[in-house]
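Listed next: structures, encoded as structure tokens.
Both complexes below contain chain A, partnered by chain B and then by chain C.
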Partner chain A sequence: MMTNDLPFEIITIILMMLPTDSLVRFQCVCKAWRDLIRDSTFINQHLELRKSKGKGYLLSVLMDYDPDRTFSLLCDKTFEEALEIHIPFQSAEMSLIVIGSCNGLLCLSDTQRYGTALYLCNPYIRRYRIINHPITGVGESSDPKNDSIVLGFGYYDKTDDYKIVRVVASDDEHDDDLDLSSKHCKTAEHTKVDVYSSIANSWKNVVLESFPWSLFDVRSELVVCDSIHWKAFYRDTNEDVLAILTFHLGNETFGHIGLPNYEEDGEDLMEFVGLYKGKLSLFLFHQVDPQHPWQDHFCYLWVMMEYGVESSWTKTLNITVDPGIVRPLVFTRYDEIIFADSEQDLVVCHFDSNTAKIIRLAERGYLNFTSYMDSLVLLEG
Partner chain B sequence: MSSSAAENASKKITLRSSDGEVFEVEEAVAIESQTIKHMIEDDCADNVIPLPNVTGKILSKVIEYCKRHVDAAASASAAKADDKLASASVTDDDLKAFDADFVKVDQATLFDLILAANYLNIKGLLDLTCQTVADMIKGKTPEEIERHSTSRMTSLLKRKRKSEERTNGLLSRTATKIMKFSVLSSSIGGI
Partner chain C sequence: MIPLPLIDGRTLARVITYLNKHTEDDASDEAKRKFDEEFLYGMEVGVLYDAALAANYLDIGGLFHEVCQRIADGMMNKSVEWVRKTFHIESEFTSEEEVQIKKEYAWAWEGVDSNAD
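This part shows the complex of A and B:
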């Protein structure tokens, strides 16, 4: 292989076509190759090429304690197990929750020290970074144990920065005994927000004037138009309104998006926000009742056709999903939704064709699922 | 056939390789090469386009590739226009089979094809040939890759050694030469 006889620009093209594990090995061929493989432009182009070739995975993590924890990678087209990867670091409790995944990087947190023991990890190339946050209460007098922490993970491509958002709310205000008027004057004293930047490798406080939000989910990795999105309750004067809270990764400010009026779709609907065909969408479903599992399971998919324009919410699909949904997990790139059913099976349902099938996994239990792409990101550590 | 296709079909471009071989090709085939396309557009191609970086042997292969792909694209779009999606996908499979066979060549030819595709700026051919090399090396160890980088030196030495052994008698001369080779090879770092 007289690779030395080819001009370096061609060697670059050839290297970019190699799988990730080959590139990790080939760093030691010569200095020129090593420098190229570690170059962030090369890494991002390599990732884009793999994305365009449709090589993607779903990463599944069992949430219970296991010192020999591995991640299971499934091919995201066939759902067959492709790979098992060991977690490259040791965490004291080894009970990990995946906050999000992007470009082959996972953001993880210890469930026992949620929001304080954090990791950025590329398990494919066995690189990781420990990012801890000090345990401090929100206010001077508040007890950190009463704080509830919500995390978000996202990538800002304009600065090639991976960011973690940490929203800490003092739990005192979740006390139902508080009357509505005091709930209304929910100020920033009750909430503290910090943002971690992978480039700076440090946390920065986000100054808040007010934060009339009560976050629903404990984590989010949903990034649309450079913002992380969470389902949240907006503290209005008389009631809490469900909406979508956004955090822009560039200017690091909060915003919000209202949900469509879906009263006519039915009562007791549960909401799940995800990306459908690249657009922000709201999936509504009736959580299956174990007492009456034979009932029809109507589901609705509303899509925000024009991002940020609330009037553009359009009810796109009205389907019956069988079996019924207990816990939705993730939207896939192929317009499917994966959820757990009442038998604790994982089911994948393709929206457009409304076909559902069960995914057989080796592990059973409470699973995290996220889409995953192998990459060289974090090669520098 | 559309009128522009008829125009293109009638217009011929003449290409001359580095070793003086002349090839006449349809313009539609020639402009698969962005380099040639720009030469024609910029009007700096008179009657013959000289390609000093490509030998006749390689150029004829490149032309074969381009012709096949142009023909496939034409019949695929004709099939789609006639709503014959099944035949369009058959053409696609034929083309993939052609590409797979096309790169079953010796290493030197493959590298020459890469260089030609790069010089002539034919993206499809460059991607195909580079992917072939990528697939060849992806399973190798770094040592194998590094060792192969010196293979030109190695193969030269091997050829010389063999020719020495063929000469009759004069073992001492052979022995001296072998000693010289082993000194050389140890300085390279192990053959």
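This part shows the complex of A and C:
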């Protein structure tokens, strides 16, 4: 057939260009190929190549249990259905929330055991890891039922580590009796932060001096600049101010980014944080009011032109979105925002052209929705 | 004269044809893409491998990348046995080890004919 055998360096380049499922099969060809396909450097280069070719998906999975529940992948350019994959781990009777999606790996939690029963799963290659971690040592007199649990998931490329952050705050009823300064100090005792490392496959407690935050999003919205971002209330001396709480995946420390002053944009605006043209952005919208469905839906997009510099927040877009937004879901890499409307359909709105398109989904019900890219991550579990 | 001992005349001729097209002053990107399609279409696997080796040896990035992509496209749905035969690879796996891999990743063999060629 061929006059010279191809050297392994060239075979490596050819293999990097193969689709993920072919590579899973070709582990069987010989030991050298198997070891290469499982090598983390190869896996990351393969993923980068797929990203540069623009092959991406949107993944959805029903929250509530249904015997036919599957991971459903849509092409992120055309929104056509691409694949349906059965959930590889035992999920009967479970309600699932997707915490985040990085490099083809999802982090999910069972709502009944939120934050204590977690799954890392790569649906494309049907691999998963079960992570159970009970909550201990939060507050003394608190009732576990009043604990608020917030999760975040991110990837730190410098150590090739996928991390899960869990923040547990116990809601002590006696807080209201205390003066503000005591309340400020007390929150560190009542908050416990643990971080899971996928490389170590273990948890570590993060020691806090103070934690003047009140979180309300159960999961984070965004990972950028090596940090996980959540909206949260910052307990300033006189009041609670809405801001962005950050957790740096490398240093494992918390930080703070203030929001712009958007008072003049209107009242009763809701906030959604995402990435627009690679920059941290704040999307403001009025949640649709069923009693006044004819009202115009004005939305605003503020972009932080220089990450971390609060004075660089710039109002970039005023758009009108029709139909109205019930629940924003995700910013896509094509400068669009996807949200659920009042008909439980998905609406894709392209920011720059202000055009909207409705995607009718087969599934009805509360959907987890995230961007997704197929990869070999977690091939060996 | 620069001797090129590792490349046979036929492959070199093909590489030169490619380079001539790609260095044409008035050839648009679209025209080049069309040329690549026709040039590489229907090339036998053995010819592609020789072209890959040649392009790599001569450090012609564009051609090398194109040819590798062609080889990848041609092999992605093939069986494991076809890949071994084509690349002259001996598998050191025992039959038990092979069965184990096929069992662990059974989904990847769904819809693939075991003798696909």
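Keep in mind that, in the parts below, the second predicted complex is superposed on the first by the 353 of 381 C-alpha atoms of A that agree within 3 Å, B and C clash if a C-alpha of one lies under 4 Å from a C-alpha of the other, contacts with A are read in each partner's own complex, and residues count from 1 in each chain.
The rule is simple: contacts are C-beta pairs under 8 Å (C-beta built on N, C-alpha and C of every residue); 3 or more make two chains touch, one makes a residue touch a chain.
It should be emphasised that the depicted structure is a prediction, and the values quoted were computed from it without experimental measurement.
After superposition on chain A, the partners chain B and chain C collide with one another.
Applying the stated contact rule after C-alpha superposition, one finds that A:Arg25 touches each of chain B and chain C. By the touch criterion defined above, A:Arg126 reaches chain C but does not reach chain B. In the superposition on chain A, A:Ala340 makes contact with neither chain B nor chain C. Set side by side, chain B and chain C differ in how many residues of chain A they touch, and the one touching more is C.
When the two complexes are superposed on chain A, the residues of chain A that touch both chain B and chain C are 1-6, 10, 13-15, 17-19, 22, 25-30. On the chain B side of its complex with chain A, the touching residues are 107, 111, 114-115, 118, 126-127, 130-131, 133-134, 136-142, 145-146, 148-149, 151-152.
Against chain A, the residues of chain C that register as touching in their complex are 8, 45-46, 49-50, 52-53, 56, 68-69, 71-72, 75-77, 80, 83-84, 86-93, 98, 101-102, 105, 107-109, 112. Looking at the complex, you find that chain A touches chain B at residues 1-7, 9-10, 13-15, 17-19, 22, 25-30.
Across the complex, chain A meets chain C through its residues 1-6, 10-11, 13-15, 17-19, 21-22, 24-31, 33-34, 125-126.
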